[in-house]
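The structure follows.
Naming follows writing order (A, B, C and D), and every chain is counted from residue 1.
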Amino acid sequence: MPPNPAFKRIALMGRQRQNGTYDTLITLHDYLVDKGYAVVFEKETAEHVSPQKVNAVASDELSQTSDIIIVVGGDGSLLHAAQIAIDQSLPILGVNRGRLGFLTDMHPNNLPKIEEVLNGHYHEEPRFLLRAEVLKKEEAVAYVEGLNEVVLFPSDVAHMIDFDIMINQQSVCSLRADGLIIATPTGSTAYALSGGGPILHPELNAVAMVPMFPHTLTNRPIVVSADSHILINISHQNTCDAYASADGQRRVQIEVGDRVHIHKKSAPLRLIHPLDYSYFDTLRAKLHWQKGHA
Amino acid sequence: MPPNPAFKRIALMGRQRQNGTYDTLITLHDYLVDKGYAVVFEKETAEHVSPQKVNAVASDELSQTSDIIIVVGGDGSLLHAAQIAIDQSLPILGVNRGRLGFLTDMHPNNLPKIEEVLNGHYHEEPRFLLRAEVLKKEEAVAYVEGLNEVVLFPSDVAHMIDFDIMINQQSVCSLRADGLIIATPTGSTAYALSGGGPILHPELNAVAMVPMFPHTLTNRPIVVSADSHILINISHQNTCDAYASADGQRRVQIEVGDRVHIHKKSAPLRLIHPLDYSYFDTLRAKLHWQKGHA
Amino acid sequence: MPPNPAFKRIALMGRQRQNGTYDTLITLHDYLVDKGYAVVFEKETAEHVSPQKVNAVASDELSQTSDIIIVVGGDGSLLHAAQIAIDQSLPILGVNRGRLGFLTDMHPNNLPKIEEVLNGHYHEEPRFLLRAEVLKKEEAVAYVEGLNEVVLFPSDVAHMIDFDIMINQQSVCSLRADGLIIATPTGSTAYALSGGGPILHPELNAVAMVPMFPHTLTNRPIVVSADSHILINISHQNTCDAYASADGQRRVQIEVGDRVHIHKKSAPLRLIHPLDYSYFDTLRAKLHWQKGHA
Amino acid sequence: MPPNPAFKRIALMGRQRQNGTYDTLITLHDYLVDKGYAVVFEKETAEHVSPQKVNAVASDELSQTSDIIIVVGGDGSLLHAAQIAIDQSLPILGVNRGRLGFLTDMHPNNLPKIEEVLNGHYHEEPRFLLRAEVLKKEEAVAYVEGLNEVVLFPSDVAHMIDFDIMINQQSVCSLRADGLIIATPTGSTAYALSGGGPILHPELNAVAMVPMFPHTLTNRPIVVSADSHILINISHQNTCDAYASADGQRRVQIEVGDRVHIHKKSAPLRLIHPLDYSYFDTLRAKLHWQKGHA
């Protein structure tokens, strides 16, 4: 560790589901401790690691012990950790398990490069989240937040839903569809891309609204400013309730007649990349753009 | 005419191609003259109208005689007039011939409403253009400018072209396709929409790059900041030259080995709308969103 | 009624949900009775009509009293009646409520034209159905049948499902998606069209497999022979069960590890059209092909 | 060579453009001669090989000297050879240069497997072609034939064309687009796939009509019987002529007012595959279906 590293106190996170996550966490822990960094494990992560080795800290106290969160895993693990990082005002660095992610772009074997980042050779990129609040009359009764996207869909499978969409108090359209995806640039290469949405460069302050299997074929994806206030009314003609889900991980119920207010969360995620990071390099690799047909 | 109208001196434009254009121009001319406005015709437009009635002014002198250009016709006519409006630093108002346009949103029969706009009841919306410069080595040898889009395509029909795309000096991808559309928000509802591009709200400072029939299926539309500098290299492996065209109206040749630099033109078009204009209303009407399936 | 009409005994069907259905049913009943036809109402339909006027017959006895079923309503009503028509080996004629359907192409006001059809001026078009059988080990434990499509989807909303697809005992692919639509030509202009599937002409003996929001972008719609035996394995890695649904009206559960066998039902629906029916006319009208952009 | 091989007399073809083609041709020639087969080179192919080694035969005489054509190269080379194979009523076997093709599915290094095919261990698959005849009044003045597709496009780049489409003397629609692809099942994985067309299984007797960048967004791909007679009228309102091209290799001009009659060529290509060939295996490999996102 150099005399004044950018990040001296490190919190490690990862989820048990995937193979190799814990081996990488332990390797990373030992390497960083050996180099003189103060390393703790987020508490739930720690429970899956041999207890004598580690200091466990509750996720809502990480800012007291750490300067940065390093999350090991795939993009799903980083999505999970993002909420904690924002709540704790901590930057986050993603380390994959050998397979490049859109968000977890550090390779686990290159420990010196990870250390370089901690020592200040990094680029910090703000990535905004969307917040969806369920309104009963004018009162917010529930919410979800997502780094990738908010999805509205029926509570019962295989139903269409009808909604009326307003943006900044202007009527956009009435939509009949399987659901609606509102994606951030971060999420534009995830679920929204499968739904025919465009790729949005992460530096754009924009969101893509992608109707899912719209009844009207000309209901195409629309990109609007991320500062828009999107208000969606779940029409009374619907025969079932709806859900708002965020990043495929959290969901809240929306009753017929409720409205959903979707807008940008003020605090962004502070995503850390090595200096040689290139968004387009990741895109090319993940979408197999150099591989001929398909 | 009120004592201090916002626009007192009016230039009228229109193209002969479409039925009804000249009737509307004459009606508009007579109405405005009668109300006390100073009205001239752009010179080429004037040639198709009975000469004793009108004052004709060359398009490059319109700013000396006029405060605003009113163009009568479809979106194509406004695209044509846009270049003059920008060169002359004049705002532009579009009047259709009875069928709503994305850009020509005033109905020709509602003359009092047109006068209301001239009297100050309007909203001015800046719409940016794209400029494509053909570079030989480092020198720009030709250019086109478009309000809707710039399209790169092969000089010979039914050929694919190979190009390498850089954005802000970062490599994006090598693309093999029938061509490439780079569309502004204004153009996102025109040709780019047929090609599978997203709808971009006009207030976005963004452009959509839409590959045309890409050989690699995952080469999907990408939206980037309109402040991007896009540099496209026409690879030496191409078997024919290429063209850059703007708004389907102007084109320049690109030889194999040349590069094209595409970026935002600094001066935007000043597009005038009545106060009750709503972008989404136009979108709903033009895309038949209220008409059930399809 | 002429001496030997093609269809002398008529069964009327319709569902209460839509406005105008019962008025049209009564009008049709009175007109046909007046002309000398033997007219009954399907029993559930009869319950909503004033009882003294009508002869009610259970749906599974219609072939004893009738030569043809006339269904009044939209395409959904005809989909509902199709199963009865096939079980009773009866042809079916669709009368809409003033708005053209893909399947209900007779206008309700043109009673003489409906009578012409009954008198023999018609074209009979066979439309095949798909049958999906849920297999536990090798045994079929449940099934659904659809004229439009069979859809496989997760039992819990907002989950992806993994399946392995075999056709005629050849491995096609492993698919990770929101679901899978297998559509007949009849269904190719319904739900599958919203999902990006192609339009299949009704005379084709083919089905379209349309993956819903596939994780792999190159998983595009595939059209195979309708004589194919499609076998879909719901992989053990799924975290929830699945459903097979037919025409959005019936559904059966599929447990993880079960397989689904999808194949053509041997007996087709006998769909009756007037002699001047044109599939492409319907397509043009329903998809607004003459209306310019969109 | 066994006593009675299925194919005893072999014609070799290949185009000079690609690296490795001639090495593979020579290797194949020597191997087969050594095994006792009678091997000739198609004349144009022979010109690029050292002349003392080979017997050269004009392409229109190959049926006198050979029982089968083996073409070495990519799918483009097989498309080129297909016309000769059909004219000479010869089956064709495709050998790639190390990279799997949709049509050239034999690997060049597995010489014993190629010999196995020649000895009778093969599956013959008929693949039909499309023929497009340009009609002036009722007379055919020119034609092209394609194994993949026929494409209609404007003679001048960056123009849209207007055509009226009839199928079996029924009006389908008026189309305004960059062009129109009519693809066979063989071609459904080539250019038409980039244009959003469906994959058609090769055993289907069907063609896909794929509008290119249609002005009307609901003009979606349509699949019709390959026995259809498609008649396309190049409307008088077009401002430039058109071309019909086949397989990107041959083209003929269509003047405004001409019509194009597109129908199935009666004689199919006899495509030879090894017994373990699976269409879906090729599809999976070529479209990277096993590679996660994209």
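Rule of thumb we're sticking to: a residue touches a chain if its C-beta (ideal position, glycine included) is under 8 Å from a C-beta of that chain, and two chains touch if they have at least 3 such contacts.
Values in this document were obtained by computation on a predicted structure and should not be read as measured data.
Going by C-alpha centroids, which chain is farthest from chain C? Tell me that one.
If we average the C-alpha coordinates per chain, B ends up farthest from chain C.
With contacts counted as defined, which of the two, A-B or A-C, has more C-beta pairs across the interface?
A-B
Using mean CA coordinates as chain centres, what's the gap between chain B and chain C in Å?
Measuring from centre to centre gives 46 Å for this pair.
Chain A to chain C: how many Å between their CA centres?
Centre-to-centre distance between chain A and chain C: 41 Å.
How big is the gap, in whole Å, between where the Cα atoms of chain A centre and where those of chain B centre?
Here chain A and chain B have centroids separated by 37 Å.
If I count partner chains per residue in chain A, which residues reach a count of at least 2?
Chain A, residues with two or more chain partners: 193, 196, 215, 217-218, 220, 287-288, 291, 293-294.
Looking at the complex, which residues from chain C come into contact with chain D?
Within the complex, chain C touches chain D at residues 167, 170-174, 193, 196-201, 203-204, 206, 208, 215-225, 278-281, 283-284, 287-294.
Using the touch definition up top, name the residues of chain A that touch chain D in the complex.
My answer: residues 193, 217-218, 220, 286-288, 291, 293-294.
In their complex, what parts of chain C are in touch with chain A?
It comes out as residues 151, 153-158, 177-178, 191, 193-196, 212-215, 217-218, 243, 245, 248, 251, 287, 294.
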